[in-house]
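Some notes on the structure that comes next.
Read from first to last, the chains carry the letters A, B, C and D; within each, the first residue is number 1.
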Amino acid sequence: MSTLLSVDGLGITFGGLRAVHDVGFSLQPGEILSVIGPNGAGKTTLFNMISGIYHPGAGKVILDGQDVTAMRPDLLARRGMSRTFQNLQIFQNMTVLENAIAGYHLQETGSFMADLFSLPASRARARTAKDGAMELLARVGLDRAAETEAGNLSYGKLKRLEIARALALNPKVLLLDEPAAGCNAVETEEIDHMIAEVAKSGVGILLVEHDMKMVMRISNHIVVLDHGEKIAEGDPATVSQNPAVIAAYLRAEAGADAGAAHA
Amino acid sequence: MTFRNLTTTAAAISAFAVPAMADINIGASLAETGPAAFLGDPEAKTLRMEVDKINAAGGINGEQINLIIYDDGGDANKARTFATRLVEDDEVVAVIGGTTTGPTMAMIPVFEDAEIPFISLAGAVEIVEPVNPWVFKTPHTDRMACEKIFADMVSQGFTKVGMISGSDGFGKSMQAQCKGVAEASGVEIVADEVYGPQDADMTPQLTNIKGSGAQAILNSGMGQGPAVVTRNHTQLAIDAPLYQSHGVASKQFIELAGTEAAEGVRLPAAALLVADQLPDGDAQKPVVQGYRDAYEAETGEDVSTFGGHAYDALYILKAAIEKAGSTEPAAIRDAIEQTAGFMGTAGEVNYSPEDHLGLTLDAFEMLEIKNGEWTIVE
Amino acid sequence: MSELLQFLFSGLTVGAVYALVALGFTIIYNASDVVNFAQGEFVMLGGMMTVFAYAAGLPLPLAALIAIVATAGVGVALNKLAIEPARGAPVVSLIIITIGASIFLRGVAQVLFGKQIHRFPSFSGDTPFRIGGATILPQSLWVIAGGLTVFVALYLFFTKTLTGKAVLATSNNRLAAQLVGINTNWVMTLSFALSAAIGALAGVLITPITNTSYDVGIALALKGFAAAMLGGMGNPKGALVGGLLLGVLEALTAGYLSSQYKDAAAFVIILLVLFIMPQGLFGIKQTERV
Amino acid sequence: MRLSNKSATLLVLAALIALTPIFFPSSFYYRVGSLIFINGLAVTGMVILIGYAGQISLGHAGFAGIGAYSCALMPVHWGIPVLLAAVLGAIISALLAFLVGRPILRLKGYYLGVATLGFGILVYMALTNEAWLTGGPDGTQVPDSGLRDAAKAIGINLKNSEFWYWFCGVVLMIGAWLALNLYVSPTGRALRALHGSEIAARTVGVDVARYKLQAFVISAVYASAAGSLVALQNQFVTPDIAGYMHSIEWVTMTVLGGAGSVLGAIFGAGILTLLPQVLTMFAEYEQLLLGLIMMLVMIFMRDGLLPSVLRLIRGKDE
């Protein structure tokens, strides 16, 4: 039973449209599994189903041997699942440091009354969380921006902040939705290293990423989606040679070109 | 003195009115706006108009009246604040007001504490029962209105009454009083319905009253609700005659309800509405005619009994100050309590240490609308 | 049976009043996500201006037309002077501006028109129609017809006209709307003018039934807002059905249960509906996009 | 220095409460001051709900009504001491908020607004209609709390309005202290997180429903306490205290002053409580000016009065 997360026959329809259909795979501890596919293939929808934001219409999500299908995100967080978002979901109304501390929510939360009266217990919890958050920020190179309003940060830094926040949960499974999007080459490489490091510590990583070089470099296993269905899977070398995958990407590009020509 | 300068500057900056010294400061807190503005507006207009008149004629005992009116919107908490302001900041010697019962009751402790005489313009009996030495009132009580109406019903052989009341303070208060005196008056309340003061249609309530076997219908309410009730009463062709309360006692009611619908509606009211129909020689006639003409000329609006209540309060106060020959609140209070034979718009007022209402049931006339005009029921 | 019919007639009359007010909310909401708390004052202005123009001797239809056009002008002024300068402010700030506007307009009306209650005659007399033992006033039919007409007009406006679609696009994504060439300033101005005109029309139609005074707007806006929410904000169908439903519920409660608690019953139903359908009866369910 | 700095806010507040009476020309100003503090207390609760958690309520005056009528009715009907009644009122408000909040807080935006509005109206209607218990629209007396006499007994002899100024001032300080505690605490962080992004808050483990409910309940307690203070001070209460216009007034004060900070909201409460008193000199133009000022403030200071003023002082551009 070393499988950390397994997805089986997952599917969902939106208004009669099959967004994802019968997708399955499994993730081992310390493994980096990438989900790739052309735009609109259903990658983010798949993530949203696994992380409990959408309720799947069919299939199962098993975490650590337990069925967690359609479980609330905050309960999944308690069971060790953490994620980032394609369109950033930063707490814009808080500082960088507070964003990171928010990742420690489950560790720092306690009695409401203790918080209200600022009892020593409450302050101690908050202090521990703050120390952890500072350490994390240092790790992603944001410690000097700790007191900045999060909204004032550059896009690349926000991406790192979001990863830091996700790591603060000390997850078993980490879902990263395009962590390198919008980042320059240097930043991408930093993120690259970070992911590898996290995986080395035994965390299973589920990755959606458009930067194919990065995907090929760090993934142990790749799942390819097209039109909501799994068309291939395997190690990077196998998948990149798969004719169906190449066809899907070519078709998507042709479509994009055709679209561009029309516009 | 720096400190004094500072406080004066602060007062000037905060723009609170500082009254002139030698005048007689008379305060008022009225519902010029809000749900009871229908009552409070004519009250405020009357006070302003009459105070100007008194001042032009040389004031009281040679001193000018400085009238300070605040608009409490009918809100008890606001009224309480203005009461404090009148006492502490404006240093008034007497206060008129409290358009409705809630604000009046909220203000009483302030004036009692500061020992300032207070003449309320609100209807409820609780204001003067039990008697508070500092509190008087000029309008008839709701209970008197109920008794007058029920007496008229009984005299016509109606003993089963359907009630329909506004859910505002005025309507609810009168509803409770009428239910209280119904048995003693020899009538039975067979239906008891309520509407919101701004409601557009009361046919469901009236349909239920129609089906209850009521021989007569009593609508306790003020403002625009009774006009809708009256129109709906006609719309449903209900045989049981409709009685309104003193809360609609103005010519405007007939316009709002429509002449046709208002035909035959009865209500108890002071002689103000039918000034011209009073017999010559009636001591009240010149008073009510004078006030009505002045008010209608000044405002261009129809006179209502509510303005009359303010008129009565002001002139009772004026007489008391003249009699006391002093502007000491305690002296004014004593003089108010000795008011006897004062002829106001509501009738003859005789206060005593036991009676701070001073009106009898005779002060009410039973009126009926005929051909769009108020007439006295013989 | 005739009782039930009477209650229904009453409910439809009152409901049509609510629906007319609720319909006025939809356009501004659709263009800007702002619930305009001054909508009740538009209704008040329509009624009051008609009262005074009529009293000045103008024929009723002309008086009504003047009132509607003038109120639309007030709507435009409100947008130009208060909403447009606050561009980019959070929605809640815009809402506070409309609350301020409602207090302001009420204050102006109080100074200009006084605090008396007014009315002008019904359009087609006061002789009730008798149907199955129940009665309904001709003016009620005017109000109901007015509500239906405004509903159909709005429905066609939003679905069939380019301008209507531009309004919806502006609400969805202001920047994108500008990029595809929609003059969003103009859309906003138009929305305020139309909403104000619908409000004023409501005021003209309902005044013979409800009477009018400087402060009728408060209660009307409250019920109109509740009706719009019950139906689903922004949807003309929701405003119409929500309004009529609210009116009928109140009338049936007053008739069969307790007139004392008829407003309470209405709000209890609204709460129940929202628990089951959090977007109202016809509101669009929004999927969380991340 | 950041605005949310707890001790700075408390210091400024304490200084304002303690020092402004120096400028009072008459003891009427103490009355206005006490009303500002009472509204300030209610809006401090609204800051927790609106500013921290990002939820709206147009029905909190309903809780004020419960707080006020508890003080009026419990002593008369069950012989409960007035002060204990105020505490019980707060507990009842909390329980009611807990029960009502569960289903209501699933709604968002305007739908939450209309649901809370409906709740407030139901409370108001019960207070108005059940005249046998509440005295109906004309209101009812509240027994003397004995607080002023107690103060007298320990040598603090104050006029009525002065006494309530200081008493409400102290209660406001406590309320502000608690709200500021909450702001920097894990709970406050969770509330602000779900305000910033509900979905992200969920994924870091925040039980969104539970935290919204906590904010709703605690803000209800604040409103209830404010209602109790009005009742205790006036010794008279009418159902108007639960009227929806008061709920809207509190939201307006909160947003006008600056919803994000306790001091800002109290500032808003101060301005909107004081304005009607100042505007009385304009007689019938009072309402018109009040509306105009509200519009101007929101047009030119869209983040609220206090944040905008502070920005101006610091010379920091937007």
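Heads up, the rule we're going with is that a contact is a pair of C-beta atoms (placed from the backbone, for glycine too) under 8 Å apart; a residue touches a chain by one contact, two chains touch by 3 or more.
Quick caveat, the model's predicted, so the values are computed rather than measured.
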Exercise for the section: Give the chains in contact with both chain B and chain C, ordered by label. Expected result: D
Problem - Centre-most chain [mean C-alpha coordinates] - result: D
Exercise for the section: Could you find the chain whose CA centre sits the greatest distance from that of chain C? Expected result: A
Practice task
Measure off the straight-line distance from the CA centroid of chain A to the CA centroid of chain D, and report it in whole Å.
Solution key: 41
Exercise for the section: Would you mind pulling out the distance in Å between where the CA atoms of chain A average out and where those of chain C do? Expected result: 46
Problem - Intercentroid distance (Cα basis), chain D paired with chain C, Å - result: 31
Fill in the blank from the handout: Expressed in whole Å, how far the mean CA point of chain B lies from that of chain D is 34
Fill in the blank from the handout: Two or more other chains are touched by the chain D residues 129, 199, 284, 286-287
Completion exercise
Flagged in chain A as touching 2+ other chains are 53, 85, 89
Handout entry: Contacts with 2+ other chains: residues of chain C
Key = 110, 260, 263, 288, 290
Handout entry: For the chain B and chain C complex, residues of the former touching the latter
Key = 32-34, 37-38, 41, 167, 193-196, 198-201, 203-205, 207-208, 211, 223-224, 227-228, 231, 234-237, 252, 255-256, 258, 260-261, 301
Problem - Of all residues in chain C, those that touch chain D in their complex - result: 35, 82, 85-86, 88-90, 92-94, 96-97, 99-108, 110-111, 218, 222, 225-226, 229, 233, 260-261, 263-264, 267-268, 270-271, 274-275, 278-280, 283, 288, 290
Exercise for the section: Going by the contact rule at the top, pick out the chain A residues touching chain D in the complex. Expected result: 51-53, 72-74, 76-78, 82-83, 85, 89-94, 98, 101-103, 105-106, 108-110, 112, 115-118, 122, 125-126, 129, 165-166, 168-169
Exercise for the section: Within their complex, state which residues of chain D touch chain A. Expected result: 178, 181-182, 184-190, 192-193, 195-197, 199-208, 214, 218, 260
Handout entry: Of all residues in chain D, those that touch chain C in their complex
Key = 56, 103-104, 106-108, 110-111, 113-115, 117-119, 121-122, 125-126, 129, 199, 244-245, 248, 252, 255-256, 259, 284-295, 298-299, 302-303
